[in-house]
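Per-chain residue numbering starts at 1, and chain names A, B, C and D are given in the order in which the chains are listed.
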């Protein structure tokens, strides 16, 4: 199962990836756009960190199905949410 | 909210009783009489204990499957009565009010659509999946038997809410799609829409769990040697449907919960004012709604595949193609939802892209039709009733598919959307596609479940009535749609429409004869069950594992787990003479014990729904607490299995 | 009302329909006939065909059965792309300057405003034949769908939003238009008269509307907004400036309130 | 009771874990659609207050910290159970519950504060979407807490076994999943409002 080392590494990474966007927002040391990008990137990386270190999503090994079902879910989420934003944005633009 | 809400009864008062119209009143009476009649019958026969231990608390997938189908049957009576009432109304209502007041007509089309999709087709499909899939993959049960019972009971709770709305209060008038802002409190106060929301929400939870259950069952509990590419087509389609379920149903949950929040807590997701956006409801609803129609039709495709191979006495043509086509349809079905609202006003790029995506589904679907055709080619076709339904399906479904493709072309959709052309399209998919499929499956697997065959003559009669009835009832609607007749019309002033509407009414009457024939078939067969007995377990010269065991199967399904070496495993073993399963195992088998958790959670779900509909908050929270307590209580309970010894004459269905 | 009138949009949509229909028949009719033929020829009781129980694959057939639908959908897809852009309801029709008409869906009737003529009507809309029409559409109530079947096209009407539809009539005549989207008890009767007339008749009609003495204002709009079934045709000889836009903006307004109280054109 | 062999037990657990994972995928879609809806409605203020007028950085940071640490403690609880230390398992589980309860308490305080300022969920489309998204996450956390407390009771009664460890493992998955959702919440809903 998961070793103590894995847990602690995961936690350390998560802390860094959480603190970073918070500090950036509080300190305002980047232009607005830049901070938004930073938030987005750290969020995606941190989600990956959680998935890998805590949720047992791995490329090989006994939980392989987790990765494939997760990827499938991601594709569908991309279609649904991306589609929603596209469609609703287009409608908004045509009706306002 | 201006209504009086009392602590004890919420907004439930004496005016909830259906004394507002004689039609509603008689409907309520029939519902009550049906329920009471059933209770009296069971009491009179002294069968309560047998019913409770044999069925209601059973976690055997076969019994749960049968209960699902019985539920579907009860609901279909309601659904059909609604349908024929609408047809009669429209046949009469030229420049007059017909016999139904508008508000009643609206409840009828709403409940017809809701019942048919959620409480007729879905349970029917789930019932067939339940009964057949474990048998087809050589498994002793589904992965989570108790969860399976809970799913069933939640579905039943939803159906119960749906039925009780006829007696206490009213049902929604907003159609099966419940579009806001019309379905919001501003335009439809009262309990109707709430009944709609909670009945589908509660059954939707059950459906999601069914989806999970069957994915795990199919991926984990196959007999040794049953590779994915050796699975029977019905199992494949069941898998794809289950995948669609777990990914599509959240969209239904989200859209209906938000509607409920708007209605009960005064939020503004979909209201006209205060920053609501009703377009997002349609968006979310159809993200679920479109996959839903494939959730229904894919298993039917699976049944047709089994039936066509068995009754052509031939291997299924193009099995890999059929598998790929199924998965492609499943994935594509998530990319087309906008075709239900081309006329909302999106730009040409959006409409064109969704239109093209929609039409692309015709490719894999066409492949399937051709593969069935070539399965028949060079076969030895036996025209048993299931096969008749299959051939009828192939001829009619392509017509409905064609009208679907026409609707998918946005400029054509602009003039056919919301007309009866659309009504004709989807009945043309659902009746020959979904319903014929399920009926074929019912007649095909009935001998497996009950140990005797169904009468052939009445089966054929039923088929012909359905076929002709369907053509008469729905072909005129294509023409009417092109003449500009909108759907959901209570009255109309165009005399040109009436003749066609009368034809449609006659068609519905023929369909009624088709249903009567089904009942007759069942009746006649039960009376002659000794003559129709199936002693071999394999009445059709079947090809898949479910036919390798006795009819009806023992509780543990397989005396010993079969070892699969080829695609049509049972057919293969009949040819090579290799026995699939060796002698019964010496070890006792563990079979899950009956559990009361299912009925309890079903009752809890009903309370939650009823409380939420009527604002009886204590009831809602009591139901919630009961459900949580039941789950927690159960988790403390370890002794969940009993031993059985195959080979000993244990009782079976 | 006889729906004999047609216009360029209806004609184009119809033509596309028949075109697509005919193309698909090329496949669908053979499929149906083949199904029946094969079923009959290979019937167990006395069929003629050879029996090959293990025959389950054929490269050529596989390619054909994937190929035919792909080609058909390929053709259809190009039509879809082209026609959807050409027949975008927002796209103005070529020709003369369009007549601007604003339509507001109410329970259960239609209010039409002619912003350039400064008049408004209920449940009747008239326009000169062969002149492009440009509708702006909204709703005060539940979602509606605006359609004049004889002229083709259909588009939703939603509160706080504006959609557009461009139509044209090629012949003189009377048509029926209506709400296509179920919206409550009066839905079945929520129709309006659409009259296409010669330029001269149209001018006379406008004068007739103008000669009345009722103005569209807060009071009369509030009265009109009350739900009613099968409301009679009515005329308003004057309309406040930007009435339509203000009705749209009303729902997006800053005030926290529930719609239903009708203050014709605040903000 | 018949003691099922460990192998069978393990297979059953594996199936349950897979089923639970599928449930999480389904729930992920649900949350994604809530996020999508939130994005669609994010400018529908209808004259009401927006996030920048409402949100409090200290509160947000505390909530985030509590949840983040709880994801460590629950992992430690599972590790302890897996290596057979009952007392340690219980200890970490209790700490997790406390952290989770702290998070919930802050959330309830924050949301009821909004309601008191006439910025409740009925105020605008934006606030409806906000309350529903954050509230759904909060409800999940509540469910996780009830689950964790049930497990504590069961550990006390049944001690550590394969089945109990597997149950705890599923709770761990659930808890980490909620943490992921929270990453989405603070990144998409909260932080941009402070810019």
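In this text, contacts are C-beta pairs under 8 Å (C-beta built on N, C-alpha and C of every residue); 3 or more make two chains touch, one makes a residue touch a chain.
Just so we're clear, the structure is a prediction, and the values are computed from it rather than from any experiment.
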{"item": "A-B or B-D, whichever has more C-beta pairs in contact", "value": "B-D"}
{"item": "Chain closest to the assembly centre - both centres taken as Cα means", "value": "B"}
{"item": "Inter-chain centre distance, chain A versus chain B - centres from mean C-alpha coordinates, in Å", "value": "37"}
{"item": "Length of the line joining the C-alpha centres of chain C and chain D, rounded to whole Å", "value": "47"}
{"item": "Chain B and chain D: spacing of chain centres that average the CA atoms, whole Å", "value": "34"}
{"item": "Centre distance in Å when chain A and chain D are each reduced to the mean of their C-alpha atoms", "value": "16"}
{"item": "Shared-contact residues (touching 2 or more other chains) in chain B", "value": "219, 247, 251, 271, 273-275, 277, 279-280, 284, 287, 344-345, 347"}
{"item": "Overlap residues in chain C, where contacts from two or more other chains coincide", "value": "90, 158, 163, 252-253, 256"}
{"item": "Multi-chain contact sites of chain A, meaning residues that touch two or more partners", "value": "65, 72-73, 76, 80, 84, 88, 94-95"}
{"item": "Interface residues, chain B side, partner chain A - complex", "value": "219, 243, 247, 251, 277, 279-280, 283-284, 287, 334-335, 337-338, 344-347, 349-350"}
{"item": "Touching residues (chain side chain A, partner chain C) in the complex", "value": "94-96"}
{"item": "Residues of chain A touching chain D in the complex", "value": "1-2, 4, 7, 10-11, 14-15, 18, 21-22, 25-26, 28, 32, 35-36, 39-40, 42-43, 46-47, 50-51, 54-56, 65-66, 69-70, 72-73, 76-77, 80-81, 84-85, 88"}
{"item": "Parts of chain C lying in touch with chain B, wherever the complex brings them together", "value": "3, 10, 12-14, 16-17, 20-21, 24-25, 27-28, 31-32, 34-36, 38-39, 42-44, 47, 49-58, 61-62, 64-66, 68-70, 72-73, 76-77, 79-81, 83-90, 141-143, 145, 147, 149-150, 152-156, 158-160, 163-164, 178, 180-189, 191, 251-253, 256-260"}
{"item": "Of chain D, residues touching chain B in the complex", "value": "1-2, 4, 14-16, 18-19, 22-23, 25-27, 29-30, 33-34, 37, 40-41, 44-46, 48, 121-126, 128-129, 131-132, 146, 150, 154, 157-158, 163, 167"}
